[in-house]
Amino acid sequence: MPLHGQHDPGHPDPLMRPMQGMRNKVRRALFHFCWALLCRPTPNPMHRWRCFILRRFGARLGKNNFIYPTAKIWAPWLLETGDVATIASNVNLYNVGGVFIGHHAIISEEAFLCGATHDFQDPEFPLVSKRIEIGPYAWICSRAVMLPGVRAGEGAVLGAASVATRDLQDWTVYAGNPARAIKPRDAAAKPDLAAPR
Amino acid sequence: MPLHGQHDPGHPDPLMRPMQGMRNKVRRALFHFCWALLCRPTPNPMHRWRCFILRRFGARLGKNNFIYPTAKIWAPWLLETGDVATIASNVNLYNVGGVFIGHHAIISEEAFLCGATHDFQDPEFPLVSKRIEIGPYAWICSRAVMLPGVRAGEGAVLGAASVATRDLQDWTVYAGNPARAIKPRDAAAKPDLAAPR
Amino acid sequence: MPLHGQHDPGHPDPLMRPMQGMRNKVRRALFHFCWALLCRPTPNPMHRWRCFILRRFGARLGKNNFIYPTAKIWAPWLLETGDVATIASNVNLYNVGGVFIGHHAIISEEAFLCGATHDFQDPEFPLVSKRIEIGPYAWICSRAVMLPGVRAGEGAVLGAASVATRDLQDWTVYAGNPARAIKPRDAAAKPDLAAPR
């Protein structure tokens, strides 16, 4: 009995072919092994250490990022962030098409940035990956979902457990599945402009 | 202090009685122990090995299934699949009433097939388990939910994070919570009929 | 390279300041360490043991609670339950503002009680925590979400994967995202009043 997988690049059935090349798979396996060993068991406050590891794998991160130990990042080399960006516990960052997270943006617990789909109208069922962008000051609340290619504008808020199927406008609050605009957000609510206490 | 549980089959309060018999509980505990030890730590490509273990616990699986290490299967003996079926990472297969997954069907990451509920109009609060069927070529996208008894027709697509409360028609795309039909899918999009490259 | 965190109580940028005081953080870290070591690896039936540990950390629990090993509780000292309350596997109890769960109430698998948000109209982005109350006999079904400050009345049912944005009335069934009332529940369906078999 062969114990290994059944994916075969030359198979006539597209579902039997691997979705990613061997180079990509090996690189991701290596990263996930390192993350599981060196980052997942670390205490929450060790953000600098986790950013250091992510940078070794090609992530372009701003200063003072807060990336929690249980965050799942598909491929660090496809992640770019601004300063003071947060990726909370149990976030699923499926960044196949690249993810950009602007400065002072927050991705809360269990949120899911879903960066790829398949063209299900094509019998080849090809993987279609699309870049997700989260603008500065935006907040993707806990358990919310961003679909492939969706862009959250500056200061946009996607409410808890909501699902964004289209772009979110600047300084606007969205909720529901599918998410709809429910109210404006005050564009003056920029944390880095807050008066020091 | 007794450290063990409080469930008691003869208790007048139905919430104090166990939902499953001892035989079922022991069999599931045995399976979950084996899965945690022998399958969960395995690399993704070892699909044949995991299928081998599932078959030892009574799963009737087609050929070339892709069942990932972090998939959660309630009871393998209540699972039946066709050829080239996929159960992705972190899928929750709560298959109390049995689950059938047709050939070339895909259950994506974090999807939840919820195979049981309770009759909450009855003070006995009895468990009501219902079979879930996923037709050939159907795709239950990531984080989507199928409620008890719901059937996805051939080639049906349930969009990411959508919740199916009723049967999904053949070759139709659904999205939202509750899920609604949003467009047809081309019935010619059958992966196994794709021309070899 | 400093490996520890970047949070600083005196920082002019509010996103750089910690959300909780050091005392709270240490107490929670201690609890989560104990739970991971002493409770998470325990078999399901050891409910009394887990309740014993939770009470040591200040939880006020009724009799005969069923709290499963993979339940995530933010702070036990902010949790209060009645008799025969259930907190199922993989529930996320983010009880920053306190959570009350009435007798015979059930929080099912992967449900999320989200007890805090931020005032995103304020540049200080202050944490706003709100108490969540689940009435007796209420049922928060699997993967459902209760937003901060929401109260589920006696016997209320929040359907699977639904999101409660407002209070749920007594003996009423809700579903969808956002959740809407879909039908009444029979107020005579009280499990503890069921005739013994």
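Residue numbering begins at 1 within each chain, and the chains themselves are lettered A, B and C in the order written.
Everything that follows uses one rule, which is that contacts are C-beta pairs under 8 Å (C-beta built on N, C-alpha and C of every residue); 3 or more make two chains touch, one makes a residue touch a chain.
None of the values given here were measured: they were computed from a predicted structure.
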item: Rigid-body rotation angle, subunit C and subunit A, from Cα fit (steps of 5°); value: 120
item: Numbering shared by both copies at the subunit C-subunit B contact, with half separating same from different; value: different
item: Rounded Å distance, subunit B centre to subunit C centre (Cα mean); value: 26
item: Junction residues of subunit A, two or more chains touched; value: 163, 177
item: Sites on subunit B touched by subunit C in the complex; value: 1-7, 10, 12-16, 29, 92, 94, 112, 114, 117-118, 120-125, 145, 147, 163, 165, 177-178
item: Subunit C to subunit B touching residues, read off their complex; value: 43-49, 52, 64, 66, 84, 86, 104, 106, 109-110, 139, 141-143, 157, 160-163, 173, 175-177, 185-186, 188-197
